[in-house]
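Each of the two complexes below includes subunit A, the first together with subunit B, the second together with subunit C.
== the complex of A and B ==
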C-alpha cells in the first residue's frame, strides 16, 4: 500500500536554514516569491552558530590599506588559484555591503574606539578583516537573520529532512521530505530549489561538525544530475580539542591565534617557523622576535606602517599549512600526551584580555576539559571542518548545472578553491545566499510552473521505508562508524594511492551492506531511521571525496599526497576534478579546465 | 596515562511517545560505564547507539552554542552537552523540559514556542528607514554600548529559563525571561525606534513583565549566565514608570 503524503506549492523552496539558506529565503521572499524554508532541526540551531571568528570583509575600518582587490588576492592565494575567480571577485567586492546590511538589520559587532565595526586578524588575511562579536559571530548572524526571516513572510518547515529532489524533464520540480517529529512525508512543488545544506563532516571520525552535516545537498544534487567539483579538498581545521575524548574535534577558534596565541610542541618550541612554505615566505615573520613585534604592533593604537611593519607570525598561515605542520610534529613524536600539540595564549595576553576576547573558548575549556586557558596552554589537533568542494554553480546566479537547482554556502563549490581562509565562510554565505535567492526568484519568474511526478515521490518514499521493513541486516550506526573510521584513516590529511584505493573499496563494501540496512521501530521520530537516511548521503559524498582525491596526482591546498608531494605548475594547476554520474549511474571523476581569468584580475595576483 | 576505574552510571529516563496511543509515560533505566570527561550528551548517544536506538532527544552543536539539548537533569534544566557526568551521582534522572510541547521522550518543541514569542514581541530592530543605503558607512556605535548589547544578546534560546519559571507553568502565554531579555536588548539598541509606549503595549501586562513573580529560577538555571534578574528588573522599572505616566 502506498504511503500517504501531504503536498504544498511554492515559487522557491530553500533547503537548509543556516546562514546561506536564511539569507536566500529572505531574498526570495523580498522579491515577492512565495518561499518555503526547510530545516533539518529547529530554526536558529544550524551549524552556522558554531562559527566563531568572524566574517571577512575588506571594509578597511581598522587598516585603511585594505580593499577588495587585496581580499580577492588573499582568497585566491589561500585557494592555491583553483578558485572560481568570478566567485572570489564577487565575494570580495560584495562582502562589505552584506556586513553593513546585517548591521542595519540589528546585528551587534564589536566596535573600534570611534564606533566603527571592529575587524580582527585571521590566517591568510593580509589586514585585520574579520568583523566579529567576541568569539560568537556565527550565533549573532543566525539570530539576526532569523529575526529578519520571522517577519519576511516565509513558510517555515522545521525538523524536516529532505530525502530527494524531484524533476520534471531536465528541470528540478521540488523535493520530498519527511517530518522527524511525526514520520510523515511531504512533497514540495517548486519552480526553483535552493540547496543550502552545508557540509559533509560526519564522514570523518574526528570532526567539528554537527550531526546535520551528512552531505545531503551534495548527494541529492549529484543524484539529480548536477556536477560536483573540488571534492578532494576537505579542510582539516588545525585546532580542534583533543581531550577529553567526548569533546574531541570541537573547534578551537582561529581567533585564539589572531589574538596572539602561538603553537608549541612538547619541547616548548614554536615549531611553525620550520614550516613556512615558499609561497608565504615574503609575508611571514621568520624569527620569534619579529613575530612578537607583530603582536605588539597589532595592539598599538596606531596602525603600523606597512613598509616597516613586522610580518605576520607563521601561526597564522592558512589552515592547510598549519594542519599539516601539526600532523608532522605529532608523527615526529613531539606531540602532547593526547596526540595533539599546544596552543598557548596564557603567556601572551593578560587573563582579562583573554576572557574578554575569547569568552566562549574560556568557558568551553574550563567546563569541558577543566583547563583554564588564561593560565595553561590548550591541547589541540586537526579536526575535519569544512569541504571546499561542492555543487558546480554559476558565480552570478548560483545556478547549478541542473535547471532550477541553485546552491549556496558550503554545499556550493568553487569559491574557496583548494583551501578556504577563515572568515571567508560567513561572508560566502551572505554574498551567495543573497545571490542564490535572487537567482531562484528570477528563475521562478521567467519559467512557468512545473509538473510533479507521483512515481518519483513514491520512489523516494519507498527507498527510505525499506530499512523499516527488513527482518534482519546490519544497523546504521555500525556502518556509519566504520565509514568515518575508514575515511579518517584512508582519505584523511595525508593521502596516497594505495590507501585511497582501500578507502574507495571500503565505501563500496559499506554501500553494499547499506542495501540491507535494518532499522528497528517505526517512522515517528526514530533516530536510528534518521541516520539510515543520512547514511545514504554520507556514502555518496565519501565516494566522491575518495575518487576526486585519487584522481588529483599532486599536492595542493588541503589535498596532500605522500606519493605526489609537489604542487604541479602545469597540468593540475589548470583543472578542477569534476564528479558526475555516467549514463549507467556510476560515479566518474574527470579533470575539467578552469575558467580563464581576465587579465585585470590576473594582475592583482602578481607579486 | 593511569587507568582509572570507571563508574557504572544508572540513568533513569522519562519515556513517552504522544504520537502512539498505546504509550504511557514511564521511567526506563539504562546502565552504562562512565568515560573520561564524559558529558551527558555523550552518554545519551552511547545509549542510543548501543542500548536503545529509539530514545528521543535533541542536539545539534554539542558545544553549548545552539541551545538544542536542554532537559531536566535531576529536575533542574541544563544543557546536556555542557553537563559532565562526573558532577552527578551514580544514579540520576532525565526528563523533558516542561512548558514546551512534547515531541517524545526528552525531545520538546522549543522552536514553535520561541517563534510564537518572537512574532508576538516583534524581536527585530524596528529601523527608521526601510531602505538601507549600503554605500554609507555604518552608524557609529559606542564600543561599550556594543559590549552591553551583546551581553544580553548572548541568549541561545535553549528554553531553560522558561522551564525553570513558576509563572510559565501557570500562564500559557507568559513570554518568559527569554522574551523579557529580548525586550531589554531592543530597548537599549539605538537602532530600534520603538518608544517605551510601544514596549508597554508588548509586555506591560501579566503575560509580560508584570507576570514575573521574582522567583528568579530563570536566573539560576541560565546556562549562559545571562544577567536575567537585572534585565527583568530594568524592564519592570521602565514599564511601571509607563503605567503611572
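== the complex of A and C ==
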C-alpha cells in the first residue's frame, strides 16, 4: 500500500533556513508571494549561527580608502580569478546596503568611537572590512533574519528534510519532504523553488560542520538536471581545534588573526613568512618588524597613510595559502604535540582586549580544552569548512540551469571561485539570498501554475522507506564514517591522481553498499534513518568533488595537486569544471569556459 | 579512562524509562560525545537534537543529573557521580522521543512580540549608536535560544502557566525595549497576564540566570528593569505625571 502524504501549494518554496534561505524567504514574501520556508533543524539553529568573524562589506567606516572596487578586486584575487565576475561585482556593490538593512531590522553590530558600525581586519581583505559582533556575528545575523521572517507572513516548516525535487517537464514543480519528529511525508507544490541548503562538510572526517551539512541541495539539484561547477574547490579552514579529539575540527575564527594573533611552529618560529606566494608579495609584510608595526598602526586612533603604512602580516593571507602552509609545517615535523601548529594571541593583546573581542573563543577553549587563550597559545590545524563549488546560477537572478530552480548561499557556485575569503559568505548569503527571493518571485509571477506528478512523489517516498524494510544490510553510520575517512585521505588538502582514483572507487563501492543499507527502528525522530537518507546526498557530492578534482590538472586556490603543483596560466585559468549527469544518468566532469569579464572590471584587477 | 554508565531516558509522548549504557569514554569528551557514541555503536535510533557542538546554537539542551545544561558543553569528568551520568529531556516541554522535546510553543511566544520600530536614520541614511549604548542590548542578544531558562522556570515547569512568556522572552523583549533605536513600546504586552507575556508571574527566584550558558543576567538586567518600567507606566501615578510633565525617561540600572 502506498505511504500517505499531505500536500500544500505555494508560489515559492525555500529549502533551508540559514542566512540565505531566510533572506530569500523574506524577499519572496515581501514581493507578495505565498512563501514556504523549510528548515532541517529548529529555526535559528542553521550553520549561519556558527559564523564568527564578521560580514564583509566595503562601507569604509574604519578606513575611508575602502570601496566596492577594492572589495571586488580582493574577492577575485582570493578566488584566483575563477569567480563568476558578475557575482563578485554585485556582491561587492550590494553588501553595504544589505548590512545596513540588518541594522534597521534590529541587528546590533559593534561600534566605532563615532557610533558607526565597526569593521575588523580579515584574511585577504585589504582594509578593515568585516562588520561584526564580537565573535558571534552569525548568531546576530540569523536571529535578526529569524525575527524579521516570523513577522513576514511566511509558512514555516521546522525539522523537515527534503528528499527530492519534483518536475513538471523541464520545470521544477516542488519537492517532497518528511517531518523529522513524526516521519510523515509532505509534498510541496511550488511555482519556484529556492535551494539554500548550505554545504557538504560531513563528507570529510575532520570538519567544522553540523549533522545537516550533507550536500542535500547540491545532490538534489544535480539529480534534477542542474549543472554544478567548481566542485573541486573545498575550503579547509586553516584554524580548527585539534585537541581534545572530540572537538577536532571545531572552528577557531580568523578573527583571532584579524585581532593580531600569529601562527608559530614548535620552534616558536613565525613560519608564515616562508610561505608568501608571488601574487601576494607586494602587499604582505616580509619581516617580523614590519608585521609588528602593522599591528601597532591598526590599533592607533588615526588610520595609517596607505603610502607609508606597514603591509599586512602573512598570517592574514587567504585561507588556502595558510592551510597549505600549516599542512607543510606539520608534515615537516614542526607541528604541535597533537598534530597542529600554534596560534598565539596571548603575547599580542591584553587579556581584557582578548575577552572583549573574542569572547566565545575564550569560552570555547577554556571549557572544551582547558586552555586559557589570554595566557597560552591555541593548538590549531586545518578543518573542512566550506565548499566554493555549487549549483551554476545566473548572477542577477540566482536561477540555476533548471527552470524554476534557484540557489543561494553555499549551495550556489561561482561567487568565490577557487577560494573564499573569510567574511564573504555572510555577505554572499545576504546579497544572493535577496536576489534569489526576487528571482523566484519574478519567476512565480510570470509563469503559470505547475502540475504535480504523484508517481514522482511516491518514487521518492519509496526510496527512503526501503532501508526500514530490510532485514539485513550495513548500517548508515558505518558507511558514512568510511566515506568521510576515504574523502579525507584521498580527496583532502593535497591531492594526486592515484589517490583520487582510489577515492572515486571507494565512493562507488560505498554507493553499492548503500543500496542495501538497513535502518533499525521506525520513522519518528530516528537519527539512523535520517542519516541513511542524507547519505545518498553525501555519496553524490563526494563523487562530484573527486571527479572534479581529478579533472583539474593544476593547483589553484583550495585545490592542490601534488602531481600538478603549478597554477596554469593558460588552459585551466579559463575554465570551470562542470558536473552534470549524462543521458544514461552517469556523472560527467567537463571543462567549460569562464564568463568573459568586461574591460572596465578587468582593469580593477591590474596591479 | 574507565567506562562511564549513562542512564539515558528513552521513550516517547506516552511512556518511557531510563536505560543504562556503559560507554568507554575518551579524554576530553563531553556528554554529547557519549550520546553520539551510543547512537553510532548501539542504538541508531536514539533521538537527540544537536547542531554546532560548540555551545553556539542551543540545540542540545537536556537535564544532566537533574540540572538543565547543554550536552555539548558538559565535560564528562565534571558530571560523573559514582561512575554514572543521568541524562533526561527537558521536563517542562512535552516529550517527543528520547532526549527530544516539543519546544514549538516558544516560537509562538516570539511571534507575539512586536519587532523593532527604528527611529528615522540620520541624513546619510545610517544610524549612530555609541559603544556604551549597544553594550546593554548586546548582552541580551547573546541568547542562543537553548530554552534552558524556560525549562527551569517554576512558573512554566511546575505551574504550567503558559500565559507567562518565560525568561527567554523577557530577555527578547528587553533587547527591543532597551534598543537605542527603538520607538515602540511593549509594556502593555508585558503587563497583559492573559494574552500577553504575563511579566507579573515572575517572582524573581533567579533560577533562569543560574542555568544560562551565555551568562546573561536575565533577572537583574532584563526582568527587573522591565518590571520597573511596567510599574512606572501603570502603577505609579507620581512617576507617570512627572514623566509626562518633565519628559523624563526612566532608564534601568546597568
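Operating definition for what follows: the second predicted complex is superposed on the first by the 607 of 607 C-alpha atoms of A that agree within 3 Å, B and C clash if a C-alpha of one lies under 4 Å from a C-alpha of the other, contacts with A are read in each partner's own complex, and residues count from 1 in each chain.
What we mean here is this: a residue touches a chain if its C-beta (ideal position, glycine included) is under 8 Å from a C-beta of that chain, and two chains touch if they have at least 3 such contacts.
Here the structure is a predicted model, which means the values were calculated and not measured.
Superposition of the two structures on subunit A leads subunit B and subunit C into a clash. Touch criterion met: A:527 reaches subunit B and subunit C at once. Residue contacts after overlaying the shared chain place A:45 against subunit B and subunit C alike.
Contact with subunit B, but none with subunit C, is seen for A:337 once the two complexes are overlaid on the shared chain. Contacts of A:101 after superposition: subunit B is touched, whereas subunit C is not reached. Shared contact residues of subunit A with subunit B and subunit C: 41-47, 49-50, 100, 103-106, 108-111, 113-117, 133-134, 136, 138-140, 143, 147-148, 150-151, 156, 158, 181, 210-212, 243-247, 250-251, 360, 363-364, 367-369, 475, 477, 519-521, 524-528. Residues 41-47, 49-50, 100, 103-106, 108-111, 113-117, 133-134, 136, 138-140, 143, 147-148, 150-151, 156, 158, 181, 210-212, 243-247, 250-251, 360, 363-364, 367-369, 475-477, 481, 519-522, 524-529, 531 of subunit A touch subunit C in their complex. Listing the residues of subunit B that touch subunit A in their complex gives 1, 17, 19-20, 35-39, 41-42, 48-49, 53-56, 58-68, 82, 84, 103-104, 107, 109-112, 114-115, 118-119, 122-125, 127, 132, 134, 136-143, 146-147, 149-150, 153-154, 156-157, 189, 191-192. Of all residues in subunit C, those touching subunit A in their complex are 12, 26-30, 33, 39-41, 44-59, 73, 75, 96-98, 100, 102-104, 107, 110-111, 115-116, 118, 121, 125-131, 133-134, 137-138, 141-145, 176, 179, 181.
Note for the complex: subunit A touches subunit B at residues 41-47, 49-50, 97, 100-101, 103-106, 108-118, 133-134, 136, 138-140, 143, 146-148, 150-151, 156, 158-159, 181-183, 210-212, 243-247, 250-251, 337, 360, 363-364, 367-370, 475, 477, 519-521, 524-528.
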